[in-house]
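What follows are several structures.
After this come two complexes, each holding subunit A, first together with subunit B and then together with subunit C.
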Partner chain A sequence: MIVNLYPLKEFKLPVIAECINPEVFKGKSIEEIGRLEVWEGNKQRRLNELFKLEAEEAESSPEAPVITIHGDVSRVRRIGAGMKNGEIVVKGDAGMHLGEEMRDGKITVYGNVLGWAGSMMRGGTIEVHGNAGDYLGAPYRGSTEGMKGGKIIVHGNVGREAGAHMKKGIIKIYGCAGQFVGFRMKGGTIYVQKDCEARVGACMVDGTIIVGGCVESVLPSFTIEGLRKRVKIEEGEVVEAPFYLFTGDLTENGRGRLFVAKGPNPHLSHYEKFL
Partner chain B sequence: MPVVKAVSCPVCGSLCDDIELTIENGEVVKVKNGCAMCEAKFLSHRSEHRIRKPLIRKDGEFVETTLEEAIRRTAEILAEANYPVLYGWSNTSCEAISVGIELAEEVGGVIDNTAVVCHGPSLLSVQDMGIPSCTLGQIRHRADLIIYWGCDPWSAHPRHIERYTAFAEGRFEKSAWRGYMAKIRSLIGLKKIRSAAKRLVLKEPSEIEARLKPTFVPSIAREGRKLIVVDVRRTKTAEMADFFIQVEPGKDYELLQALRALVRDQELEVDHVAGVPVEYLEEVVDAMVSCDFGALFFGLGLTMGGAKLRNIDAALSLIRDLNMRTKFVIMPMRGHFNVTGANMVFTWQTGYPYAVDFSLGYPRYNPGETSVVDVLLRGESDAALVVASDPVSSFPRKAAEHLARNPLIYVGPHMDVTAQVADVVIPSAFVGIEAPGTAYRMDHVPIPLKKVVDPPEGVLPDEEILRRILSEVRKIKREKTKAEAA
Partner chain C sequence: MELLIRNGFVFDPINGVNGEKMDIAVKDGKIVDKVNESRAKTIDATGMVVMPGGVDIHSHIAGGKVNAGRLLRPEDHFKDVERKTAVTRSGVGYSIPSTFTTGYRYARMGWTTVMDPAMPPLEAKHTHEELSDTPIIDKASYPLLGDWWFVLEYLRDGKIEECARHVAWMIKATKGYAIKVVNPGGLEAWGYGRNVESLDDPVPCFGITPREIIRGLCKVNKLLHLPHTIHLHTNNLGKPGNYLTALETMRCVEDLAENGKPVIHITHCQFCAFKGDDWRTFQSGAEEIANYVNAHSHVTLDMGQVIFTDTTTMTADGPFQYTLYTLTGNKWTNHDVETETSAGIVPFHYKRKSYVHATQWSIGLELALLIKDPWKIMMTTDHPNGGPFTAYPRIIAWLMSRKAREATLRKINPKARSRSLLPSISRELDFYEIAIVTRAGQAKALGLKNKGHLGVGADADIAIYNFNPETMDPAKNYRAVRRAFKRAAYTIKGGQVVVKDGEVLKHMDGATMWLDVQLCEPCEIELNENLKRRFKEYWTVEFENYPVSEDYLAVSHPIPVKADV
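Showing the complex of A and B:
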């Protein structure tokens, strides 16, 4: 079944709608789905008070329904939180905590997403065709339980602290990234194709960060290990270019690997005297 | 004329409690022992800009009204709102804040205090890392190394240095005041020599400089209490420091990480960090490691510059590393006199120190999502209550515009910018001058605030005003429930 959701208005208040989840929709009629509870500001509403719902049968009937949201839902938070299977497609912008703690399935956004997308993710895939906000794949405040699996692909730019506290999984950013990429990461891989602001890999203990563009600076608590001709991002994806390899963060006795492309970073050439 | 002694000053987070006030005809006429800010605050209670009557905006103009009507209108706005914000709280008593949180829960709003625009990042990092701290009394008596990072207490907390740190006469550590005076005298002498040499033109100026310079290099290795200042500019506090590190703006994180690496005896592969030569840093680290009791105070230069909350993360980690070698504590330099109290009361009642969202009926906390500045910047709120604060003059323009666009209630003593754009204005008494209460000093020590004069007629303390609003909101809700049932 494919469930189409059309926002009935432009949302002004924050909407918390963790019920927009294939797992929750599974086995329910469109009327039952419409009666699911959501919060708009401090008032409780039914899903059909905020969205027009339409159901259509898919040609191949997948196990869990496919949810398609048509329109701007940037004020709608926790879409697909904790999802275990199925698919969500957002044809517009999506709000905070998209796919928080998701375990499997796929979320595709043809627009931008706000902060904490894929927060504490365990598995599955999130693909964003626009930009992502701060704390991509990072835990919420106070938690150190970062991403433990799955894949996040962002075709645009991302904000601060992408992949903070990450343990496993992969984040691929085909645009630029803000500061503190991979802050306190313990494992997994982060690839930034373009430029990256300062403090990449701050306090990282393990894992790999690859930056293909210009890095503002490398922290003084990183040490250079050598030069590499190519770097493998994941199975079937290799970047053929000379990369500096740094290890750190020394202040945390870390052995994380930070690859920084040599070409766009002539200001790091002074490290070559240590090789 | 009666003199009231041992009054606590309701201005900054130092909460000096040795102020003496002279009262005449129910007004404070003389302030003793206080700094300039303290004196201005105690004398301002009789200011002509004081609000004395409740005001309601009608057809774009303020109209005087009764307190009952102002409270009724406030309660109606808050009870009808779908996502109200309740902001301020750091310039009032803990007792009033407690009622404010109850009100936020009742109306399902977002309640936040001024920590969101000052030490909010510090609180986030403290939650991640923990904080090794102590009372200011411990520092006064025992600390032999004081570091001020990204703050200028000489201007912002004028009596902090004199009462608690470098210039305080401790039981085990002597005041560095005499050393500072000697330094000032020598600097004046140096200036005179330079001026005389220039006038006489005996030698090339550069040659004179070269001869004079080595004599006046500050030494970190001297005996006694030492003061280190780290800042982006040479402030008044920096001038009295034994060692001043001028860090490049926004590069504090790099400097802190470099210090951490040096404390851990690691080699750095760079010559300069954040514009500071590594040899200088090594000297500072030697002083840090060799002290018996060190204290690091940090201000908004650290919390709001460059790496923001991660600066504090690095500072706390540095203190953790230093505690493996010696004794070191860290403390944020809190601004408003009861911002620490606001964090404390918020934490007792909700579990979180600021940015608490009650819209789902239970407290939720995720600064960036539930912090008032971000809520306003995204234009999500539909009403606001401001208590003892002036956010319109301090928030980003877009946030202030949204605040003014929606129904806004102001509770406070002054006709400030927020009061001028508000829809309902309720005057309140000055806590610590016209109303008693409790406030928390920056080291989490509760200090009682005294009532020394009576407030103007009909003006109530914040706590009483908030209790009346809360009671009115509950009444409106009961009426609504009855009407729905009928």
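Showing the complex of A and C:
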């Protein structure tokens, strides 16, 4: 089954809708789905008060329904939170906490997403064709339980603290990234194809960060290990270019690996004298 | 307003009522002999357990460090949100709930009196502001006096009577309820980056030992006739091998006991019943402590039970919190409260699969089950140090059912399981004993005359739980016990029904109890002159701004105490 959701209005207040989840929709008729509860500001509403719902039968019948949202839902939070299977497609912008703690399945956004997309993710895939906000894949403020698995692909730019406290999994960013990429990272891989603001890998203990573009500066608590001709991002994806390899963060006795492309970073050439 | 609770199985240990089917009459917030049946509102408690409202002797619910804990742990709150209803306010949990939520959650479980056990005198105003904002329950707070410079000086000079006058003034000034002593001497030593290792280790700059502080304050407590004994968090808390310190502490005040009355309360005893030389050889020392307590009557304990969950540890024991930080590497705060005390906070996750954590879980229950007299041991989690108070129904189930204990034992660390004493203990508490460890014993230890029982004249604080002890065996149906205690069928506070079926029906303010200690002769002038001079020298707060005035409390409930000095 494919369920299509069309927002009935432009949302002015934040909407909390963790029920937009294939797991919840599964086995329900369109009327039952419409009666699911959501919050708009401090008022409880039914899903069909905010969205027009349409169901169509899929050609191939997947196990869990595919949910497609047509329109701007940038005020709708927690879409696909905790989802375990199925697929969500958002043809527009999506709000905060998209796919929070998701375990499996796929979310595709043909627009931008706001903060905490894929927060505390355990598995599955999130693909964003626009930009992503701050705290991509990072836990809620104060928590140390970061991303533990899964994959996030962003084709645009991302905000600050992408992949903070990450333990496992992969984040691929084909645009630029803000400050503190991989803050307090404990494992996993983050790839930033373009430029990166400062403080990459601050307090990281383990894991890998690869930056293909220009980095403002590398933290003084990172030490240079050598030059590499190519870097493998994941199975079947290798970047062929010379990279500096740094390890750190030494303030945390870290063994994290930070690859920074040599070409776009002539200001880091002074590190070569230590090799 | 009149109220009649009909036909419940009443458990009222202070009056010796053990599960008898009887009616309880309430008029104007007090329990009375009888009421006009035609006028009174009737609650049918047929097939239900009726107990006095729960009393918690030790639960960190308000004050500077509780609030610092809330700020330190935003991640603790966002998954545990309570929306507002027509009568209640919104709030968040989990291990350090906001003030309103704290009051509602206690009331939902049938608890009506809660003691906040650690109030730095300097932060008394903050503590009372939060207590005033904690609805429904009655509460009080214990000022931390064990490392207070004046106390140390008086005790060093052997001036017990002067010390007693000073403590009396302090209790009145902070609107406190009992003398709280945390790691005596250790907190002062922590100001110099040190700690005290034993009862006879001198405190830097004061030349006094923890033994002298404990004994001195015990004597002060007796001179002032305070209703509760001194409330002591022992030295070396949280270190392997500390059960010896706990035993030594209990022994050091043995000779001060009179007429078999308790003179000391060792709080969250689980944390000071560790045997072994280090964490690898760590074992339970519960048996030794229980043997001692079984043979002596001058000591009461509370459990400080550990729950397997993510919680926040917070205590005035700064050096211990620092040790905990070095053990866990978690975020932490540590604080020195001028001349008074210290404080620290570290988030902590008790895990089933950890040998040490699982053994700690076992120690708490071993203590409760091995100590034969339930009046000597009280049920607490040292909220939030061992776990949030919302876990009380689970502890009650463990205490009442061997089956419940075995179900958890199967899931814990295998080494801890094989060393635990729990499989060899067949004791299962009944509702009468549960009423003692959760309310009657605590009220008695606190000297609360109108709480913890259902005799005529007592405050009408009543909890009714939907569990029929006649048709169901709590040892077999432990899940039903847990459900019943989680959501009280009715909670009645001051004669008004505040909770029905686990839902709060009514918002009301609870009172803040404090001791109005009346000395034989007034000595305010001399005390004030001396104090004022010292305040100018050492404090950041002016003397005039220091005491908490009575109008500062939302509902003040002074309890007069006549002292011997």
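In this section, the second predicted complex is superposed on the first by the 275 of 275 C-alpha atoms of A that agree within 3 Å, B and C clash if a C-alpha of one lies under 4 Å from a C-alpha of the other, contacts with A are read in each partner's own complex, and residues count from 1 in each chain.
Methods note: a contact is a pair of C-beta atoms (placed from the backbone, for glycine too) under 8 Å apart; a residue touches a chain by one contact, two chains touch by 3 or more.
The model shown is predicted, which means the values in this text are computed figures rather than measured ones.
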item: Subunit C versus subunit B on the shared subunit A, clash or fit after superposition; value: clash
item: Which superposed partner A:Tyr191 touches (first subunit B, second subunit C, both, neither); value: neither
item: Touching partner for A:Phe274 - first (subunit B), second (subunit C), both, neither; value: first
item: Touched partner set for A:Pro139, first subunit B, second subunit C, both or neither; value: second
item: Which superposed partner A:Ile16 touches (first subunit B, second subunit C, both, neither); value: first
item: Subunit B versus subunit C, judged by how many residues of subunit A each one touches; value: B
item: First, second, both or neither for A:Phe25, with subunit B first and subunit C second; value: neither
item: Touched partner set for A:Phe51, first subunit B, second subunit C, both or neither; value: neither
item: Clash with subunit C, by subunit B stretch, listed 39-47, 111-119 or 129-137; value: 129-137
item: Contacts on subunit A seen with subunit B and repeated with subunit C across the two complexes; value: 140-142, 144
item: Residues on subunit B engaged by subunit A in the complex (per definition of touch); value: 81-83, 107-109, 124, 127-128, 253-254, 257-258, 260-261, 264, 266, 268-270, 273, 307, 310, 313, 317, 321, 358-361, 365-369, 378-380, 382
item: Subunit A partner contacts - residues on subunit C that touch it in the complex; value: 72-76, 78, 330-331
item: Subunit C partner contacts - residues on subunit A that touch it in the complex; value: 139-145
item: Sites on subunit A touched by subunit B in the complex; value: 12-14, 16, 39-43, 75, 77, 96, 115-116, 134-135, 140-142, 144, 179-180, 183, 198-199, 202-203, 217, 219-221, 223-224, 249-251, 271, 274
